[in-house]
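Okay, so here's the structure we're looking at.
Going in written order, the chains are labelled A, B, C and D, and every chain counts its residues from 1.
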Amino acid sequence: MSTFGQYFRVTTYGESHGRSVGCIVDNCPPGLQLTEDDIQPQMTRRRPGQSALTTPRDEKDRVEIQSGTEAGVTLGSPIALRVMNEDQRPHDYGGGGKNIDAFPRPSHADWTYKEKYGVKSSSGGGRSSARETIGRVAAGAIAEKYLRVAHGVEIVAFTSGVGHEHLFPSTAEHPTQATNPAFLQLIDTVTRARIDEFLPVRCPDATQCAKMERLIADFRDRKDSIGGVVTCVIRNCPSGLGEPCFDKLEATLAHAMLSIPATKGFEIGSGFGGCEVPGSAHNDAFVKAPAIPPAELNGASSEPPRARPRLTTKTNNSGGIQGGITNGAHIYFNVAFKPPATIGQAQQTVGYDEAEGVLEAKGRHDPCVIPRAVPIVEAMAALVVMDALLAQSARQSARGLLPVLAQTVPVGEQENNLTKARA
Amino acid sequence: MSTFGQYFRVTTYGESHGRSVGCIVDNCPPGLQLTEDDIQPQMTRRRPGQSALTTPRDEKDRVEIQSGTEAGVTLGSPIALRVMNEDQRPHDYGGGGKNIDAFPRPSHADWTYKEKYGVKSSSGGGRSSARETIGRVAAGAIAEKYLRVAHGVEIVAFTSGVGHEHLFPSTAEHPTQATNPAFLQLIDTVTRARIDEFLPVRCPDATQCAKMERLIADFRDRKDSIGGVVTCVIRNCPSGLGEPCFDKLEATLAHAMLSIPATKGFEIGSGFGGCEVPGSAHNDAFVKAPAIPPAELNGASSEPPRARPRLTTKTNNSGGIQGGITNGAHIYFNVAFKPPATIGQAQQTVGYDEAEGVLEAKGRHDPCVIPRAVPIVEAMAALVVMDALLAQSARQSARGLLPVLAQTVPVGEQENNLTKARA
Amino acid sequence: MSTFGQYFRVTTYGESHGRSVGCIVDNCPPGLQLTEDDIQPQMTRRRPGQSALTTPRDEKDRVEIQSGTEAGVTLGSPIALRVMNEDQRPHDYGGGGKNIDAFPRPSHADWTYKEKYGVKSSSGGGRSSARETIGRVAAGAIAEKYLRVAHGVEIVAFTSGVGHEHLFPSTAEHPTQATNPAFLQLIDTVTRARIDEFLPVRCPDATQCAKMERLIADFRDRKDSIGGVVTCVIRNCPSGLGEPCFDKLEATLAHAMLSIPATKGFEIGSGFGGCEVPGSAHNDAFVKAPAIPPAELNGASSEPPRARPRLTTKTNNSGGIQGGITNGAHIYFNVAFKPPATIGQAQQTVGYDEAEGVLEAKGRHDPCVIPRAVPIVEAMAALVVMDALLAQSARQSARGLLPVLAQTVPVGEQENNLTKARA
Amino acid sequence: MSTFGQYFRVTTYGESHGRSVGCIVDNCPPGLQLTEDDIQPQMTRRRPGQSALTTPRDEKDRVEIQSGTEAGVTLGSPIALRVMNEDQRPHDYGGGGKNIDAFPRPSHADWTYKEKYGVKSSSGGGRSSARETIGRVAAGAIAEKYLRVAHGVEIVAFTSGVGHEHLFPSTAEHPTQATNPAFLQLIDTVTRARIDEFLPVRCPDATQCAKMERLIADFRDRKDSIGGVVTCVIRNCPSGLGEPCFDKLEATLAHAMLSIPATKGFEIGSGFGGCEVPGSAHNDAFVKAPAIPPAELNGASSEPPRARPRLTTKTNNSGGIQGGITNGAHIYFNVAFKPPATIGQAQQTVGYDEAEGVLEAKGRHDPCVIPRAVPIVEAMAALVVMDALLAQSARQSARGLLPVLAQTVPVGEQENNLTKARA
């Protein structure tokens, strides 16, 4: 399926070398102010050609709304978005076309697409192209707009590792970043504007950023590539989101993140490092929530104060999700990206005809996808939260019409009540 | 939603303290020999009370088929499975019931369930109980039976880490287990029977297993808990499975694994360590596939030889999936589990009434979930592969009726052709 | 798929001759008072053996809740329902079993099930048995309870035709019942209690009911069968339900009704007769809605007054749905049922072995399904409305958090606002 | 949701007055030859301005493929289709815009859209416009192409009623068309080419067609409108399609048909008239299938002979579906369309402001939708069959890999085997 989400449904289309790429966003709430200007900034952050470290393929990536809005307001009907493919050079990846026609690129999707579909497209891996992510970013921008306006949700991703360089490496004291005060402070306050001060790498620490930039440049110069880690924080997420059992919020986040091309891992909250921490230290004890949330005190949020759960937690090893359900604390997670498969170096491999040979890719490609992956991670996070929010809205507003029973909590005392948050 | 899968659909139900737990499996292929005896072994491997290291809650966990089979053969109609809840002590977790009624357990789902539903069940976290996984394991056993009979698929999970003890720790030489020969040899041959020789820990290495067992016993004795890592390998998976874009096979595996209670991370193939390996080393070069697959040479498989892709890869950093689609190589991945939230130690926290206090849980609980998580990981892996297989079967058999064109591969030359594998 | 609904999801299981039949209801709003006593009445109205006109198969059909409630209140988790199959005689339909093993019953599902699944079950048509509808009726009773408590929705079905006997036949003056005052008055006030005064036929007119009863008895005596029409009205349905385009409310109602065994047709509002009425007469002109809805004035409803749309229509040829969306007027529709396929008369046909022969069914069967179909139609109607309601709840509560724009209607002025209906 | 189908998924977008309308078709089998030329003919049959009897709104309705094909062959990836909206006059319907801004059109969707979304678009009913059906017709053309090439399926719809004029009216002898020899002969042989000889009405009988044309012209001249009935036949549909229980093929057909704007009813096979026929006459006795199907004997089909079920039925009251599953016989059904709501006559009604007034629509509109509805009915039928086919393909090819058991039918003897039909 090319559809993501059950309530806020996004269906994408498009290969790298067709007429256009895009998506249909179904079930966006009506009455949201929305124009191309709300969507374009993330498209631009994602697009290629941003620096000497990214592919020089030059695409304007201007998004056009086809339907679903009128006079800058969403109607509630499907919103179709389209971006033209302007710079098509189908045979560019493989030295005039011969190479890529003869060899499936190692660790790329050329071979598996042929196995799956029995058809070989000129671009090899079909939708495994990075251009497939355009529809995600466009749809994510709509979700984000709603989440920000209605709930003050803030989603910020940044580069936290490139190769062996890590912003918050695991240490004996802090086997997981979840207990590292520097990390916790960063995710409390970091903004996209701040992240973009560290272009082209998008790692919000001048020293580490410089090291990472050199590392990427080294790999580029050697016609090689390198992977890394993107970290993402979601602030002000309402509590109560996530469907127990199969659609826990961490499960749908993991699904979303591992669906991004080139990803190899996902960890939430304390993550893999958390396995090494005793339960007595790992458990997040409850505390009474402060009357005013920290984000408002430190001025990071320009939004009006919102209703909050009455309890919060002293620590946040859980990463804002317990039993698959959000508790109102920051949600944060890491996503691992492998080194890009398309490299300029000669590679000894075998061709579609089973004969050995050497593949030398001449095309345009990124030595490291991490910087451009940042807005994609943000977009997928927004789609996950938006979908969970609509699921919970349906439940909570349906419950709100029932009489209050002894066993149930009056809706007025449920501070996270999605239907009253603005009241 | 309490449903997993789009083609092979599993819907589960049941809290720890209701009348029964179970599931409905929809769209199981007709004509499969299936009785309770095919399902019970994994139920028994999952059930509590297996050793001094697991919770003494004593449940027989006998599964009963309600529908969908006749004379031991599946009819193609929904298969309902039911397991009685025999040993119900709703107030046991919290010292006679008072404690758990007053305090949401830290890092458990008690608080978030109340936030989500506005109803407080006596068992607190409702479906976040480990008993919710019974339906998954039962359904997974059906998927596994089909996959084994029809395709010779083998799914084996094992304990690879408990606390700081790791079976294949990251080293300078091998930042990822993907390049560790000992790891690669293990996943080539390991069986469930072999894993169960290492009860109660299920780590297939005598030395490490003993260390892990002591570690878990220590935590148990201190009324504390500890996390760990389960590794899983899927062998003989047909190539061509996984839906590009949102439902890449690694994405649905990640979704499945992070939906298991207490999980914090997932990595496939080279995983997080793979971020540090240059692309030139990380890329899996293609080689001509051997005429006889390794599993048959070394005798690990009792199944007849099956059709294979013509190409395979020299290395397997990809973990058997490229561009979201299986390539026929072993699929392997790690799942991180946090330390169980319910511990015997006193915990300083606040109650539902916002007053500070001390929670001391008196109930029965596991100091480490890893050993019992092994069959759950296997079950979820089976559900993911089965669902992807039916999706691809629909596509491939639909394509098989079309005339062969210049751009397409004749179905007879597609060795992974799901419809001809037995011919 | 054995699942109905996208928001309020019902998955059923069970053949006529397995251990049990039942269903899982997912996404029921939490906080609803619910016990078996809320479900049993409709089970009893549906069950066989109610009169000399229905099959003497004797099933108690006692429903048991397995999960999802505690202390008589829904938790928000899946509600599993189970009904035992007590009276199993698998070979009863075909004269000691020989006949039905040799012959696919004409117009039954025996042959097509074999074509579809390649497996022949002893009961022939597998899930095409009327027992499959038990799960629907049980799930429908839950939906109805919610709709009644939260919105005062009333759903009443009745027999309007048996063979050539019609309660409201098409006439030159009234080509459609939509313009027949007697019909309009009936649907305004009819209740289930009133319908059940006309047992066993359930046609709310003494004269017609008697004729229909005689007609059915005649067909029974001749070992033959006869079809008929069930009419259903839904009162007090909130406006704004139904998803434009593919999931218009009339489309999901049609889907629901044609999924009931033995149905051949569906018409809503003016229906087939409406094709013959000029648009100028067929259009339902708007009028200002009365301050107090008619149902409260005439005392048919015991519920408190609810918010209503500001406009209503003078006539109701639309049957309460315009553009696929409810307008708050009565929804009414007809469902055609064919004569039951299983008859006692000898039938000349051919067997599975292609040889001609005579089939004489000796089993227990209904000469007319109409009376027992009444609660099934009500149940499916409830499932459709409930699903549409949750879809709209999600949308409307999401919209309610956005600032009011010039183009949008303030939520306070939208009288149908689902989240405020009780305020 | 704006998505139709679970396996062959179509998502549409677009209002009548946005930039474009279109759809994404997901899961089309790869390897199908497909260009715009395969899609355009049905677009052209649907488009307005075809005759003096249809709306003069002039749209070229040229479809453009955006993705999913290369060199005229489907890749297996999503196929996006787009049609520009060229002739936009948003305020045309209501006399310079004032009228339609003030009055919701009676029996149109203006009022219910506002109730649902709380936003008023300039075109009133948003997606209830006939232009919404463009995406359906385009997607249906792709499904049809596959069905024709792979299975020789033929889908032909035609006008069978306008107002009180009926091609096959119910009579005492033939209460249902299912027993009318003239009807049965027509559906055996009728083609689209033949239907289009009867433009503009598309009723394949010269006498009736002339009467209907006059009737429509009369209503047009009186600024009024009239409804009618479209009949559709599906020939050569493989047996075994349709999912028992909720997704019976007649249920998904009914869903599809009632989702077309302006529809009020659906009946399959003997339909409403079949309720009056005794079971003994209504049952379709089985007979041995002829070696050569009738369609080939009479030359109506240019396709090669295909495998067929071993049994067929003497009569076809079932309309090709028994127990929700196709039996290989012709599937035929009727769809009722109401008179179009937009008429030129003055209508006494009330405005959004609750004040009484007179609405006079000055826009372009059809006096009868029947002729243009023909290709829309065909398209929706194709989508239903295609979806059911992929569901059954997945099942049957999965079953084909299991060993043959005593209770099961060897795949080689199942003549409808979807995976072998061409062998």
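Here, a contact is a pair of C-beta atoms (placed from the backbone, for glycine too) under 8 Å apart; a residue touches a chain by one contact, two chains touch by 3 or more.
The structure displayed is predicted, hence computed values, not measured ones.
> If every step must land on a chain the current one touches, say how few steps get you from subunit B to subunit D.
Step count on the best path from subunit B to subunit D: 1.
> If I superpose the C-alpha trace of subunit A onto subunit D, what rotation angle comes out, expressed in steps of 5 degrees from 0 to 180?
Angle of the fitting rotation, subunit A to subunit D: 180 degrees.
> Averaged over CA atoms, how far is the centre of subunit B from the centre of subunit C? Could you give it in whole Å?
Distance between chain centres, rounded to whole Å: 40 Å.
> Please work out the Cα centroid separation of subunit A and subunit B, and write it as a whole number of Å.
Taking the average C-alpha coordinate of subunit A and of subunit B, the gap between them is 25 Å.
> Give the residues of subunit C that touch two or more other chains, as numbers and ranges in rising order.
Within subunit C, residues 1-3, 6, 12, 27, 30-31, 70, 73, 76-77, 116-119, 126-127, 244, 395-396, 399, 407-408 contact more than one other chain.
> In the complex formed with subunit B, which residues of subunit C make contact?
1-3, 9, 11-15, 18-22, 24, 26-27, 30-31, 64-68, 70, 73-80, 82, 116-119, 121-122, 126-127
> What part of subunit D is in contact with subunit C in the complex they form?
1-4, 6, 12, 103-104, 106-109, 111-120, 125-128, 132, 161-164, 175, 219, 224-229, 239-248, 250-259, 261, 263-272, 274-280, 282-288, 309-311, 313, 317-319, 321-328, 334, 336-341, 343, 345, 347-350, 354, 392, 395-396, 399, 407-409, 411, 414, 416
> Given the complex with subunit C, which residues does subunit A contribute to the contact?
6-7, 27, 29-33, 70-71, 73, 76-77, 146, 149-151, 244, 389-391, 393-405, 407-408, 418-419, 421-422
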